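Shared chain: chain A. Partners: chain B in the first complex, chain C in the second.
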Partner chain A sequence: MSAESHLIDMQGLNSHYGGRQVLFDIRFTIPRRQVTVIMGVSGCGKTTLLRHLIGLKATQPGQVMIDGEDLGGFDEAKLRAYRLKTGVLFQGGALFNSLSLWENIAVPLKVHTRLPEKIIRIMAVIKLGLVGLSEFCDYMPSQLSGGMRKRAGLARALAMDPEILFVDEPSSGLDPITAAGLDQLILDLRETLGMTIIVVTHELESAFHIADQLIVMDQGRVLAAGGPEEIQASGDKRVRQFLNRQADPRWTENPATSSCLPGERVEEGKG
Partner chain B sequence: MIQWVAWLGAFFLDRVGELGRSGLFFYRMIRGLFRPPGKFHFVVKQVYFIGTKSFFVIGFTGAFTGMVLGLQGYYTLSKFGSEGLLGSAVALSLIRELGPVLSALMVTGRAGSAMCAEIGIMRIEEQIDALECMAIDPHAYLVAPKLIACLIALPLLTAFFDVVGILGGYAIGVDLLGLSSGIYMDGVERSVAWEDVYMGIVKSLWFALLIIWICTYKGFYAGLDEGSFGPEQVSKATTNAVVASSVSVLVCDYVVTSILL
Partner chain C sequence: MSAAVLDPPGDAPVVELTGTVDFKSVPELRKRLLKVVKKRGGDGLRLDFRRVTRMDTSGVAMLVELHQLASSRGSRLALIGLNEQVRRMIQLARLDRLLGVSIGEEAGCQ
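Here is the complex of A and B:
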């Protein structure tokens, strides 16, 4: 694949929270107009990686290239221009509770365009229609289910017709039908609008259904990267453990677990 | 001993860090005044929330403050045979000192805490992150309209507090204790100069700036120190915001008074 077809090039990203390092030398590329899924167990650093990519966590220069430009070297104007090209669906939807659904979708349109209110409302209802919520446009977020809030969050992420869409855990907490609907919508966006979509998830079924490329992470490192078939064929022990849904032996074999309990340890057969 | 020194060093480093962060937040808040989006609609909404909705509590506090001043002032002044100065004593105390301070404390308790909690909840629900991802400056969108609204509403609430307080003093001094109505109102009119009103306005503007800065800052960074974001962090931030802005109002009151006197 040529360098031009890569939109994002991770060239050794390291990340810290205080003195604790959470990402170690992350290296992979994200192709244009494809769906890239970043998978891994909870706490493996997926969301931190996403926060770097959307500019919410500062990146050191030279570690992440976006469209050939260094994300760590972006000044405020460049970061703003980059953000105008991106849409983000947060895990909980992150809707503004004091605004109705259509007003939520209208927020970026009101700030970044000079369109009249009537047109903005029409555009917001169209975006809500994309996720099957146009009849709920006057509802408040508190009146909706978790799945509906997530879909509305996706509609808001699409409000400015972004080139890159970041999606954090689209299927978590959703019923299978709603989750499948969201997966199909992601695929439709790639097909019809040619969006580059980066999805962070640990839902295996959803990941293999939508991904053109998969990246498997563990403990802040990339374990494997490639197409769905390559990942399925991976011989890496941790990747297999993740794909086969096997319990982590560290949970069950950790002697610290029982040593935390009060009382005296009794050897087997002596009790 | 070494541990104690290390703890002290960590504490001071933490405080210096917090000072720097709050200074940066102040700069961004002021810069937000001149950045999009347009603020008219948001400012009107906030003036209603900070100003109109505080009307009752400010009126109530003002009335009783004026009544207590009337009662205490009459009792004290009558010892020197100077009951005629009651109008002056009540008006000057209210306009120069009690009006701005008590109005600011009431607004802190009613609106400042609510603003801190609102922004704190937006922080823990990733709504502030969402704003940033939409290329919208959260300081311009969330904080700046509150600042403009408080700068408009607090001086007006202070003026309302002063008027109601003076009437409260009148009710006690004239209606209850039998002081002449003319003497009371003449005292008010003759003793209050433009400098006194000016001092009250300047104070309330400074207090408005402090309240919004501290309350929105605490909400904006709710949970940052603990590194975890949840309801407990919002409640802590709200408590800290009310305590810190109330204390700051009192300290600022002394500083402004000493400069303007």
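Here is the complex of A and C:
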């Protein structure tokens, strides 16, 4: 049950933009058929990490194993086959504005399969139904709200029935009800189809609701990895800081707890 | 994927499917099944899934199309012996009612 139970094994990923290193020796494993949530403040490297896992940013050999094979050693054909098994919803989640919703979802199906148009249209309606948009299949993206466009983007990510789904900040900019619906769909996809799902988010409530495993990142490094209870109970100061900052939407801090305040640190009781 | 058409006289035709019903096999399979429904019109069609290992959304879409065609001819589609994965695909799409698939259906029962 070693390598086999893990779909992805990060064995020390380093990443650079130009001369600047942004990921440092990232190590964790992603189990199959579970939801892994990657958390951390803006700029800590979450999207860069996803870009490696999707094959959009080159990975050095020996740093990331996918299904027992070295991602850094994939040739073009291998990479293409891997991408066919993955679905991605990017942070921007852009749709083609000149295409209707169903035509947007049809794009990957037309590119990668020989399915007839009629079947593709039914598939698109099924996928739109998963995200609650089957009535909107002939709408243009410009006629929809941001939240609906995001959901349509997810439907498109699901077009090819991916085994692995990557989602970057799914609920940012969504109203709470839509965000909760998205969480439920992610759980349904895991439950019903056994999909392996990797979600990047900084919405704490959502993260703890959907995650089987949580990865907390900070400044390009993994701070902590574990189940929700484990992370919740973490004694690591920076993990606690992250959890507490996120739980409180106010910017105003209690100066008594600041490490910048000279003298004895005051421990604050929970209120 | 293979599909054997059994056509007992006086009874609904049965198609025994074997293997994976997915975006690779659906284009050919669909042509054959549409032909059977068109030829046998109102007699209905029984699709035997007992030897199907996996189905994807293109398979579900194909069943929807076959169902629509059969309904327009006053007949219906019967799905037999769906495994857990196939049933879940249909249920996730919320098409179990339309396609007459019930939860907990025993393999081999209708």
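Simple rule for what comes next: the second predicted complex is superposed on the first by the 243 of 271 C-alpha atoms of A that agree within 3 Å, B and C clash if a C-alpha of one lies under 4 Å from a C-alpha of the other, contacts with A are read in each partner's own complex, and residues count from 1 in each chain.
To be clear about the criterion, a residue touches a chain if its C-beta (ideal position, glycine included) is under 8 Å from a C-beta of that chain, and two chains touch if they have at least 3 such contacts.
Quick caveat, the model's predicted, so the values are computed rather than measured.
In the superposed model, A:Ala180 makes contact with neither chain B nor chain C. In the overlay built on the shared chain, the residue A:Val41 is in contact with neither chain B nor chain C. With both structures placed on the common chain, the touch criterion links A:Val111 to chain B but leaves chain C unconnected.
Looking at the shared chain after the overlay, A:Asp161 reaches chain C, while chain B stays out of its contact range.
Judged by the touch definition given at the top, the superposed model places A:Leu56 against chain B, while chain C stays out of reach. By the touch criterion defined above, A:Arg80 lies against chain B but remains apart from chain C after alignment on the C-alpha atoms of chain A.
Once the two complexes are laid over each other on the shared chain, residue contacts for A:Lys127 go to chain C alone; chain B is not touched.
Counting contacts by the rule stated earlier, residues 112, 160 of chain A appear in both its interface with chain B and its interface with chain C. By the touch rule above, chain C contacts chain A in their complex via residues 23-24, 26-27, 30, 56-58, 60-62, 64-65, 88-89, 91-95.
The touching residues of chain A, when paired with chain B in their complex, are 17-18, 54-56, 80, 83-84, 86-88, 90-92, 94-97, 107-108, 110-112, 156, 159-160. Interface of chain B with chain A (complex): residues 36-37, 121-122, 125-127, 129-136, 141, 227. Contact residues on chain A toward chain C in their complex (touch as defined above): 109, 112-116, 118-120, 122-123, 126-127, 129-130, 160-161, 188-189, 192-193.
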